[in-house]
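Common to both upcoming complexes is subunit A, partnered first by subunit B, then by subunit C.
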Partner chain A sequence: MKLLKIALKSAWNRKASISLTMFSIAISILLLLGVDTIRKQAKDNFINTISQTDLIVGARTSPINLLLYSIFHIGNATNNISYPSYQKVTSLKQVKWSVPISLGDSHRGFRVMGTNSDYFHYYRYADTQSLQLQQGEVFKDVYDAVVGYDVAQALNYQIGHNIVLSHGIVATKAGEHADKPFRIVGILKKTNTPVDRTVLVSLQGIEAIHVDWQSGTRSALRISAKKARQMGLQSKSITAFMLGVENKITLFDLQRKINNFSDESLLAIMPGVTLATLWQTMGKFEKVLMAVSALVLLAGLIGLLTALLTTLNERRREMAVLRAVGAHAYHVIVLFVLEAILVVMGGVSLGIAILYAMQVIMQPIIAENYGVFLSIKMLDSEQLVILLAALLLAVIFSLIPGLIAYKRSLQDGLMVKI
Partner chain B sequence: MTKAVIQLNNISFRYSEQDRDVLDIADLQVYQGEHLFIQGASGCGKTTLLNIITGINQPYAGEVQVLDKPLQNLSTIQSDQFRVDHLGIIFQQFNLLPYLSLLENVQLPCWFSSRRRTQAVNVEQSSVDLLKQLDIPEALFNKPANTLSMGQQQRVAVARALIGKPDIIIADEPTSSLDTDNRKRFLDLLFAQADKQSSTLVFVSHDKYIAQYFSRVIDVSDINRASNHTAMAS
Partner chain C sequence: MLKLLFVSITLLLTGCSDNEGSKNNSSTNTLTKEEMEIEAPVQVEWNDLVPAEYQSEKIVAKYKDQLDKFEAEDYSPEAEALYKKINDELNNAPINKTLDNKHISLPGFIAPLSQHNGLITEFLLVPYFGACIHVPPPPINQTVFVKVADNNGIKIDDSYGAFWVSGSILLDGKTTDIGAAGYHIKNAVIEPYDE
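What follows is the complex of A and B.
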């Protein structure tokens, strides 16, 4: 205990250089834990975004692209699929349920998704969770909208608010569907999926706002909101659809059947398989990032070693005094090890503190820009192992200056004449 | 007859890289309670002699007994422990750890030796008393050691050497960084305190002027046969 007190006070005496070393270790710990946290969270997020959906079907493109635009709302569909094809596929006897998805519009930076009420019934995330309304109800009318949690939060929306949708992903004044405003009838609970950042309307609503549009611009022939409602609109095309099968055994058969669909080129993917492929691709980058972070940590620890070695000469007298008052030569080693532990523990605590502070600050920003929802968690066992390894390595490193000082203090004895 | 606390018997010592002895002493006795002044020009083996008495270095021949304990039988760790238990040591300068307060500096030997701790009875009180007796202003007690003047630092070092009543005080040129006035005052205080707890004092210096205050004076070159050889050779 007394030795610890000496180590602490001695370190405090050299606080300027020690705190710099501590800071550099904090930064490397922050980097390592940060990269690890982000990759795990991103994976969790991706994996948790969709569950219990057997197939996602869209126009033929790459499986990853289909997954990204239909579920994660990243990028755009290359092509739509015709509504009759949708009906034809979903009428197959293997299909238990299906939910259509129609994308392409936005509201103040948030994606608008046209679907039907089955979406609320069948969509599952994080294994078994279904969508829950925080307030209000599911859309019934053509011009009803249900907004995700983050949309309501960010724009301060309440039930009854009127909103105007915009054509395309980037909102422009010319692209506004100002003549057909929607009324918010429901706000969803938080799901930590892209649904939070989505405005949900009926397929008829999507059809209604586009009824007087052709090839992306408004035609001269205006049709009022009221008239559009009375037209009893039917979708002509959708972007994609999700489906569940009656019996899992038929899944591969159904997938093949859809991929060979003769009316138009379709692609059916199993979300789990595509997610795994996606993560395999990302896995290489993950490993490179982790390796780089580990090297940065190593550099930080070598910095610690350097700092300890440079103090050897200035501490020579200190060691002789300690020896004269009864410290054994091995106490000298202990002092160096204690100092290393002190610096690494300080660095680790600081690094973790910055990590959590940054998570709190970055959480909304990352969610907004990348659709990845960081949930702030305790350090997992793997991360604790990383920290322990860093500490162990620091102890091993500190034995080098410790042993040098030990040898020296045996040679010097008590009478150092400096 | 007073008892010898340090006995050197036909000891020879050389550093491992040297081919000639630096120390060769037939007989040296230091008696209980005496104030021994060991003088000698620099390089005559004063420091080596202290290293042998304190068990830092071991002679390759002969016997060293401190408090009837043969030092050559002790391991490094045992001899470290023996040193802190029975010896109080004062250096030429920079005796104190700058980051500890005066009181903590004084208490250091008690942190490493239970014998010193026990003999101090109340470590806290005993360190306060010693510092007071050595004329250190009470306002400085909790200040870091590097705020003191050199004279004050050396007196704090005396307090540290004395705490826990060690049998022998070893002082290695403790006055060389002090001016004449401070030197006398330092010696008076050191003698008074050493006598008070009946510690033997072994004082090494090249300063002949202060030799007059000691009960016995030895010149290393008189007893070190190795240095005579060197002198004759040169």
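What follows is the complex of A and C.
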């Protein structure tokens, strides 16, 4: 206890250099824990976004690309697929259920997804969770919309609000479908998936807002909202569809059948397999990032060692005085170890504090830009091991200056000649 | 403690003898359910999942006379038609009913279906998997639907490796128009594959 007091007082006398060392350790701890937290959370998030869907089918592209744009709303679709193809595939015997997805429009920065009411019935996330309405009901009319939790929060929407959808995923005045406003009929509960940031409308709704856009820009022949409704619109194309099978054993067979579909080039992916592939690719980057962060931590700890070694000369007299008043040799070593522990503990606490502060600040920004929802969690066992390892390494490092000081304190005596 | 050791050794021995005799006297198996669970699994090969009468040699033997009619490099329409017929017969072979409820252990690759807490908990086990898209996927009798036991599972990062999967293999009874449903292993125990 007394030693701790001495160590603290001694450290207080050198507070400028010690706090800098502490800060550099805090930064390296922040980096290491931050990289680890983000990679784990991103993985959890991705895995929890889709479950119980056996195949996702879209236009031919890379499987990872199809998964990213259809489910995670990252990037854009390469092409649409025709509605007859969708009907043909889903009429196969193996198919138990299917949900069409039509993407490409937006509302004030949030993606708009056209689908049908089966989406609410079959879409599952985080193992077995299905979508729940917080308020209101599922869309029924052509111009009804259901909004995700974050959309309602960010734009302060209530049931009954009228909204205008825009062409493309960046909102501009020129691309607005202002003549055909949608009415919000339902608000979904929070899911921590990209659904929270999506406006859901019926496929007919998507078709209605595009009915007078056939030449790539709005045609001069305006078709009113009312007329579009009366036209009894049928989708001509969709972006992708999810499906479930009767018997999972037949999945490979069905996948092959869809991939060899002769009417149109289609791609069917098993979400689990594609996620594993994605993670296999990401795993390499993860390892590199972790290695870099570990090296930064090592650099921080070497900085601590350097700081301790440079103070050796300043502290010669301090050590000699301590020995003179009856301190044991091991007391001298313990003083250095204590100082190292203090600095690392301080650095770790500061690092963790900054980490959590940053998570709170970055959470909405990351969700908005990358569709990844950071949930703020306690440190896990792996991270605690990292922290303990850092502490242990610091103790080992501090033995070096400790031993040198102990040796010198014997030789120096009270009259240090500098 | 000693008793336990003795019991496990006897179990191990019976497990081994069962392994040898499994192919001949499978019908005389009268183990209770609990015994099934502690019995050491019988290592089977993918070929064992094909019924004896559908093994490729047997099918080829069946068509031997017709095959002999053609020269080695005969690409005539008749030869093509025959090859197709034989291939279809091989691909549409049913499942091996004698395996029902056997405690087996089978090596293979996995196609993940669902995950829980970062572990793969449901997958299709197949004899080969991955990049080869030149040939059709494994037929139904070479695909096993696996649900892993609680507190078991495969890390997503490891999903590319081969695994030993052991558990009781069940035949899905319902026969649908898409062919007899296939093999199931529930409460499977997974181990990394090593020779």
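Everything below uses one rule, namely that the second predicted complex is superposed on the first by the 411 of 418 C-alpha atoms of A that agree within 3 Å, B and C clash if a C-alpha of one lies under 4 Å from a C-alpha of the other, contacts with A are read in each partner's own complex, and residues count from 1 in each chain.
By definition in this document, a contact is a pair of C-beta atoms (placed from the backbone, for glycine too) under 8 Å apart; a residue touches a chain by one contact, two chains touch by 3 or more.
Owing to the predicted nature of the structure, the values given are computational and were not obtained by experimental measurement.
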First, second, both or neither for A:Gln280, with subunit B first and subunit C second: second
Partner chain(s) touched by A:Gly75 [first = subunit B, second = subunit C, both, neither]: neither
Touched partner set for A:Gln52, first subunit B, second subunit C, both or neither: second
Contacts of A:Lys43 with subunit B and subunit C, given as first, second, both or neither: second
Subunit B versus subunit C as contact partner of A:Leu251, first or second or both or neither: second
Subunit B versus subunit C as contact partner of A:Lys2, first or second or both or neither: first
First (subunit B), second (subunit C), both or neither touched by A:Gly272: second
Touched partner set for A:Pro84, first subunit B, second subunit C, both or neither: neither
First, second, both or neither for A:Ala327, with subunit B first and subunit C second: first
In the complex with subunit C, residue positions of subunit A that touch it: 43-44, 47, 51-52, 54, 93-94, 127, 246-253, 255-256, 270, 272-273, 275-276, 279-280, 283
Subunit A - residues contacting subunit B, complex: 2, 6, 9-10, 12-13, 317-318, 320-330, 410, 413-415, 417-418
Residue ranges of subunit B touching subunit A (in the complex, touch as defined): 47, 50-51, 54, 56-57, 76-77, 80-81, 83-85, 89, 91-92, 94-100, 108-109, 111-113, 116, 160, 172
Subunit A partner contacts - residues on subunit C that touch it in the complex: 111-116, 118, 120, 122-124, 126, 136-138, 140, 143, 145, 156-157, 159-160, 172, 176-179, 181-183
